[in-house]
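Heads up, the next two complexes both have chain A, just with different partners, chain B and then chain C.
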Partner chain A sequence: MAFPHRPDAPELPDFSMLKRLARDQLIYLLEQLPGKKDLFIEADLMSPLDRIANVSILKQHEVDKLYKVESKPAVSSSEQLCFLVRPRIKNMRYIANLVNADKLAGRTRKYKVIFSPQKFYACEMVLEEEGIYGDVSCDEWAFSLLPLDVDLLSMELPEFFRDYFLEGDQRWINTVAQALHLLSTLYGPFPNCYGIGRCAKMSYELWRKLEDEEDGETKGRRPEIGHIFLLDRDMDFVTALCSQVVYEGLVDDTFRIKCGSVDFGPEVTSSDKSLKVLLNAEDKVFNEIRNEHFSNVFGFLSQKARNLQAQYDRRRGMDIKQMKNFVSQELKGLKQEHRLLSLHIGACESIMKKKTKQDFQELIKTEHALLEGFNIRESTSYIEEHIDRQVSPIESLRLMCLLSITENGLIPKDYRSLKTQYLQSYGPEHLLTFSNLRRAGLLTEQAPGDTLTAVESKVSKLVTDKAAGKITDAFSSLAKRSNFRAISKKLNLIPRVDGEYDLKVPRDMAYVFSGAYVPLSCRIIEQVLERRSWQGLDEVVRLLNCSELAFTDMTREDKASSESLRLILVVFLGGCTFSEISALRFLGREKGYRFIFLTTAVTNSARLMEAMSEVKA
Partner chain B sequence: MNRTKGDEEEYWNSSKFKAFTFDDEDDELSQLKESKRAVNSLRDFVDDDDDDDLERVSWGGEPVGSISWSIKETAGTSVSNHEGREQLKSRNSFSSYAPLPKPTSTYSLSSFFRGRTRPGSFQSLSDALSDTPAKSYAPELGRPKGEYRDYSNDWSPSDTVRRLRKGKVCSLERFRSLQDKLQLLEEAVSMHDGNVITAVLIFLKRTLSKEILFRELEVRQVALRHLIHFLKEIGDQKLLLDLFRFLDRTEELALSHYREHLNIQDPEKRKEFLKTCIGLPFSAEDSAHIQDHYTLLERQIIIEANDRHLEAAGQTEMFRKHPRKASILNMPLVTTLFYSCFYHYTEAEGTFSSPVNLKKTFKIPDKQYVLTALAARAKLRAWHDVDALFTTKNWLGYTKKRAPIGFHRVVEILHKNSAPVQSSVFYGSENDKSEVPLPTDITGVCQSGGRCGHKVELSHQVQVP
Partner chain C sequence: MNTGQTCRRVCSGLAWMAGLEGGDTGHGWTGSGGNSLLLPSGSSQAASFGKCFLDRFPPDSFVRMCQDLRVLNAVRDYHIGIPLTYSQYKQLTIQVLLDRLVLRRLYPLAIQICEYLRLPEVQGVSRILAHWACYKVQQKDVSDEDVARAINQKLGDTPGVSYSDIAARAYGCGRTELAIKLLEYEPRSGEQVPLLLKMKRSKLALSKAIESGDTDLVFTVLLHLKNELNRGDFFMTLRNQPMALSLYRQFCKYQELETLKDLYNQDDNHQELGSFHIRASYAAEERIEGRVAALQTAADAFYKAKNEFAAKATEDQMRLLRLQRRLEDELGGRFLDLSLHDTVTTLILGGHNKRAEQLARDFRIPDKRLWWLKLTALADLEDWEELEKFSKSKKSPIGYLPFVEICMKQHNKYEAKKYTSRVGPEQKVKALLLVGDVAQAADVAIEHRNEAELSLVLSHCTGATDGATADKIQRARAQAQKKMEGLEEEPLETLPTEQW
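Our next item is the complex of A and B:
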């Protein structure tokens, strides 16, 4: 249970400084508007803000009332209004309406807009167009790194995925570069850099540029983190689309972990109340089960419960003095453990109930068949039935995408029939969703000439690249063949199992998917770290359509301690899943590494599908 | 835990859980059950004063004192301001949610930032935060970027782009020749910063004619994508459509136009709008979907008007017994079919609301039709209809059970609607010349509702058309 780290595993840097930094900067910005003010906060910023500050801190800095930025207008009587928002057009319109209504009523107030993590010119343009540029003052709160856990930093930008991978908008690349720059200022330099993907490469280049522009403050410092690895989400959609079966991933899939905490409803808390619970390394019970395959969690919780019982039982034979000691010294800890234990048992129960209802076993079987590439017909009709029965639209979409990516696109007949049935079951407007998925390369139709030889495809690639002016579909460059089957073979992603895969004693990262599949993203990272380069992985890189987009950058001067060389920062552009985090934590324990995760947002299959959906629920 | 012991036994032992198996599951489950009991039995020992280490949580589930909680409070009390504030104050006093350490310094933070002239030197702040003496902070932090304005007009494209990247206000007016403008754009693209690319595009859009702008972007795909996304975001539909037209991206043009229907709430107007979409250059396949969308909404409007009237009149038994839960407008086709099977099952094919009419108009496959009709009729407990769905006569006049879907699904649906075993599809018919000899324990399957292990046997014997 809960494998300990190797004794020589390096210590993690202290990331709590990032929280302090963000909070101090916010306070500074609030002080720029002295006096009482009302604060309007965008819904998406509330949870991240909750993690670094609380109401009393805001009150100390003369924030009077708090409002949520939403569609309906708010009635505030304050003389000063402060808006804390993401740089989005609709927020600008909201503010403009408010300011213009004041103007019409002949009312003058002070307005301040704080953009987080940065402002966009498009937003300023809207302020200008609405005639309120100059009436409002703008500032930036560069809060782009939220430590969700000791080894997990999130930028809390779920929209990164859609903006970049669907729309091809590079607006967040600067934000990523700035975040990396901040990290290297605080914890750098990073002697070894690797990356794969277009976005990874661009972010890396911009980051380097930032470093060059600032005088090299980090030069001469001893590196704390030996390696940094940047990876685009579209290198591996498959992993993100799979159902998660490690505990933390399963909790995320079932209850949605939001900003590191989860709302356990009455069905979990076995009371009439919901409870918001922080899920991180500080929760001792959770910390021991988070990376476990779900089937192991029961055993662990039972053991824990028995131990707890035994400890409580000790009080039976106690005299008064011993009892006093017990109450003053142990009871609090026991009670805490008791509370956590009953919560996680409740969560397990609730997960079991839900998963049983949706025929989870059958679902997993289908997913495994898709990953391994057998019984394609059977899987297709399973998906079809899913659609016909109007089972969750997101789930059906996810399975179709998984089928498409593992098979290099659906055969035209299946594509058409599944699409038709999907539109009939879930609404015709999903036509737009299908168009999005095709553009992002998540759900495609095999073109008639898709079984080309390598030479042919090379030629056709050259043609499309050269004829840049006349590509009818600009997104052809974004939506490429996935080659999953070939990559899987090359990287041995489907472990050969002789006998049962013992999930209690995992032997490789495949345990996060019940031993059926090693997450591609994690395998790539493992291979590159082993080689300290992309050497020998040319074929894989080519299959990933990344011949020019895989890079390595090592500094020659070797001041890095052996300890820091085993500390690796992995940057997921477009989101990473808890399964990937668990897999890499496992790899770390095996090899004596420690991984630190930086992600644009924690994601899962449902979030990816929702990001592509045009129809908002 | 208000579940009775009996329930619990059934819950853990029911065949349902077998569907989700891991190794040694019986063992694990009983362990879990045991541990749950153990933990529950401990509850009375600790419950009384449990609160001290719990987060205070409001009814909405937010920890009291958290920001999300506080916002809800404001929303709820914004009418009676004074009272609300008092409440807020008093509740806030016991806020215990993730208390953060107070800043180590007692100075106002702004004093550290004030008077700092040289960017890059941040000595004062790092000194002040005594617990991090060795680190120096990122120089960009804490500097409100709007303060630094520079109206100098002599920046080269690369200088300009660098300044833009740093969020500084910077005039682009000196880039007047097309060549200058394009150079600026290319410089922006080479920096990869989408925000800067968009900033330059906003300038180009303002200062170039549409045709020239489009022409130049056609060969600059990265910039083109940014312009398209920008136009989508600000909602400049007209220019977006012009752009697609210019680029000859007919399908995107059509989809983009079609997307607008989502913003039209009024069903009649939406219908009219969909009508304008029918002739657009969609792919052949999508054209059919658009046509169907229009026809579906057209039907729904008719059915809705009619049924609302019937329901209001209160004369129809069906609507009195089963009042409609929601309007049928804008629902998917399958939902509409379900609705029609529920309320209009026996209607003649000629009426728009009859299931058969829907089936024909939209070419709904047998499988989908049977599945939906089954669900609807079973919900109404109209077991005869259910029976009839699967009964066909062969040429000798014998009746046969046939189903285009697996019988295990049929059983499952029936079970969910608690079909009496006697009248379920297998037993209801008197004509037991049925060619489906049923395994004797089908009853058990029906009752447990579990995934039946007889799928294979049944599908061997049932002729699936």
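Our next item is the complex of A and C:
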């Protein structure tokens, strides 16, 4: 359990500096508006803010009352209002309404808008159009990197995914470049860079430009982080769409980890209250099970509970002095551990209740079948039944996407019928959802005129349905030129297993998906790091449609010494999942690397689907 | 004698000598350049001589004095003709002296002085080069190309030189083409764009802004363009710039919905136009007539986009909306905005089975889903009688396992058992296990001689109550194993571990 790192694995840099930096800057900005003021905070910024500055710090700097920026206007009596928001047009409207209402009432106050992580011209434009540009002062709070854990930095920009991969909006790329620049001034230089994807390339180039403009900062410093890898989410949707089965991923899928903490409801805490729990390396119990396959977790926890009991039991037969020692030194730790243990056991039970039912196993079975590409017909019917049963709109959508990507698009007949079923079940507005999914390449139709499909439809007219299904299967296994399939073969993503895959002692990254599939994103990273370039991966790069978008920028400095550095920064543009993090942590332990993750946001299948879904307001 | 005095004496001697000899030995500066800043040999000898008598003499002031003298010597040359005294020079400061040289267009000398005094490039060489370039662009007799090339050759990538400033000067002299050429050398797109806009080269500015990857810059240009061009031209420009287009669309989505529609119209993007109207049908319109009208427009657009699927789905939705409205009028309750599925469910829950059937037929709900729907709804109602009737209405397209399942979900074992007998052989074991009849499940599994099923049953055997059943299964297994010789015996205690 909880494999130790190799003794020669490098130490992680201390990222708490980022927090301090952000906090100091915020305080500076608040001080710019001296005197008592009310602070309006955008809901999405609350949790990140909570991680770096608590209410008492805000109060110290004369923040009087806190409000949430939401649809209904808040009544504040303060003479100074400060808004802490993401640069969104919606927020500008909110502020404009507030200011204009004041104007109507003949009231004058001071307004200050602090944009985080940066200001957009479009926002200022809206302020101007609304006629309040002169009334407010604008500032930027360049808070773009939140250390969620010792090895995980998040930009907390979940909208990055939709904005870039669906709407084609590149505005966040600048933010990414700025964040990289900040990292390299604090922890740089980063001698070796690799990347794949359009966004990765653009961010990289922009970042380099920033570095060139103000060089000198990092020169002469010895690099710590030897390699940096940038990866676009659309290189690998498959991994993100799979159900997660490592503990941390499962907790995220079940309870939703938000900004590094989770709300455990009464069913977990076995009391009548919900409890907010920080999940990171400081939680000793969690740290040992977070990367484990769920099937091991329960055994581990019960073992741990027994150990704990034994430690408690030791106090029997202690004399007074020993007891005093025990109470003053160990008891607190034990109690803490006890509390955490019971929480995680509660969480496990709750997960078990939800997941170990027959249907979850069937679901996983279907997913594995899709990944391996057999029994496509059966999987399609499974998805159909999934809709018929009205299990969950998001889940159904996810399975459809998984089918589409692994099969290089749905065959027209299925495409139509599944969509109809879905629309009839969940409402016509999802016509837009499907249009979104198609644009993002998540759910597509196989090009008609595919010779085999034509043959197939002829055949199916001649024979009964069931036989046709079998023939379809035969055909598709023969000739579906699915890119995923080809990539999977090239990179050996589906491990050949003789006998049972031992999930207790994983032998490769596939363990994060029960030994059925090695996450594509992680495999790419592994391969490139092994080769120190994209050399020999031309075919894979071509299949990923990234011929011009894979890049390597080898060291400008002393090559030999930087090569040997085994601290690696992986940047996921568009989000990464806990499964991917676990897989790479595993890889790190195997090879003596240490990975640091930088992501625009931690994501999972449900979040991806929700980002693509059209919902009635 | 202290060092300060020594220094002063030596230096004043030097100054005198320099002044004296400078007049005689002054080399032509502007002509041959280079070595003209060399101190006349006499002075240097004197200086070195003086230094020999001092120990611990700090060299700084000596060196500085020598440098100043050389500069003074150089500008005193008759070609230049600025005879300054030392104190005048100090009063004036080097910056002002350089400015004067620049004003007299003595660029080479100014640059040499800068280099010699090792002034920081931004204050020194770059500044003078920039001045030179600004002068150069005013030479109207030289062609744009030559000027641009000459400037680039001299300036190269000198830090601190702003090509955009020079370009601005060129533009000020009315040489727009030259300005554009010069801007090409400007590495920072942020600097290029404003000038390009000023020169009314908005389209070029747009592509430069896009190149920069800075969306704010793109946006600035876009709004500029919007005001400058008429709508049609503006849209045409956008059409060729997908990145700008998507940026503008994002803006319109929140701020100018009508413009968004016009944009799609202009592009003949019927697909997006359809989506736009769909969204309008539930976001913008309140009245049912308005909503149906919006959907009709959407459907028309989808037909134009050759997206028959979407068009048909939209038409269905129109029908559904009208129907829901009628249902609300006739039956009361809320139907509007429910999905088709939920509409039918609501009807069944309200006891309007006939209507539900009719609706399902009209909208061609596939049998399988309809069965699931009815089954779930009737179980929710706990209308077991009707459920049984329904189950017998014809052969179930979804089998009878779902009946067992749903009944159990409502904790009605009694009803569930009714259906177990009708479950097909393949799912029989599952059904029996669902109702908790482990013994019978074991019998069926043994009958089927299906290893997987046996394991499944075994995993459901708990405690003493099922002890006999477990034994039975083990026996059956053992028998089966005897029959299949050559197969290795499986250890009995390994229960199948659920793996997922």
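Operating definition for what follows: the second predicted complex is superposed on the first by the 571 of 617 C-alpha atoms of A that agree within 3 Å, B and C clash if a C-alpha of one lies under 4 Å from a C-alpha of the other, contacts with A are read in each partner's own complex, and residues count from 1 in each chain.
One rule holds in what follows: a residue touches a chain if its C-beta (ideal position, glycine included) is under 8 Å from a C-beta of that chain, and two chains touch if they have at least 3 such contacts.
Bear in mind the structure is a predicted one, so any value in this text is a computation, not a measurement.
In the model built by aligning both structures on chain A, chain B clashes with chain C. Using the contact criterion defined above for the overlaid structures, shared-chain residue A:H338 touches chain B, although it does not reach chain C. Applying the stated contact rule after C-alpha superposition, one finds that A:Q424 touches each of chain B and chain C. Of the two partner chains placed around the shared chain by superposition, chain B is the only one that A:R306 touches, whereas chain C remains out of contact.
Of the two partners chain B and chain C, more residues of chain A are touched by B.
Within the superposed three-chain model, A:C348 lies in touch with chain B and out of touch with chain C [touch as defined at top]. Contacts of A:V150 after superposition on the shared chain: neither chain B nor chain C is touched. In the superposed model, A:I494 lies in contact with neither chain B nor chain C. Only one of the stretches 96-104, 276-284 or 474-482 in chain C has C-alpha atoms clashing with chain B after the fit on chain A, and that stretch is 276-284. Common to the chain B and chain C interfaces on chain A are residues 89, 120-122, 125-126, 163, 167-171, 173-174, 202, 205-206, 213, 295, 356, 360-361, 385, 388-390, 416, 419-421, 423-429, 431-432, 435, 500, 503, 614.
The part of chain C that touches chain A in the complex is made up of residues 188, 213-217, 219-220, 223, 242-243, 246-247, 249-251, 254-255, 271, 275, 278-279, 282-283, 309-310, 313-314, 316-317, 320, 337, 339-341, 363, 365-366, 368-369, 372-373, 376, 398, 430, 497-500.
Taken in their complex, chain A has these residues touching chain C: 89-90, 93, 120-122, 125-126, 129, 163, 167-171, 173-174, 177, 202, 205-206, 213, 245, 295, 356, 358, 360-361, 364-365, 384-385, 387-390, 416-417, 419-421, 423-429, 431-432, 435, 500, 503, 514, 614, 616-617.
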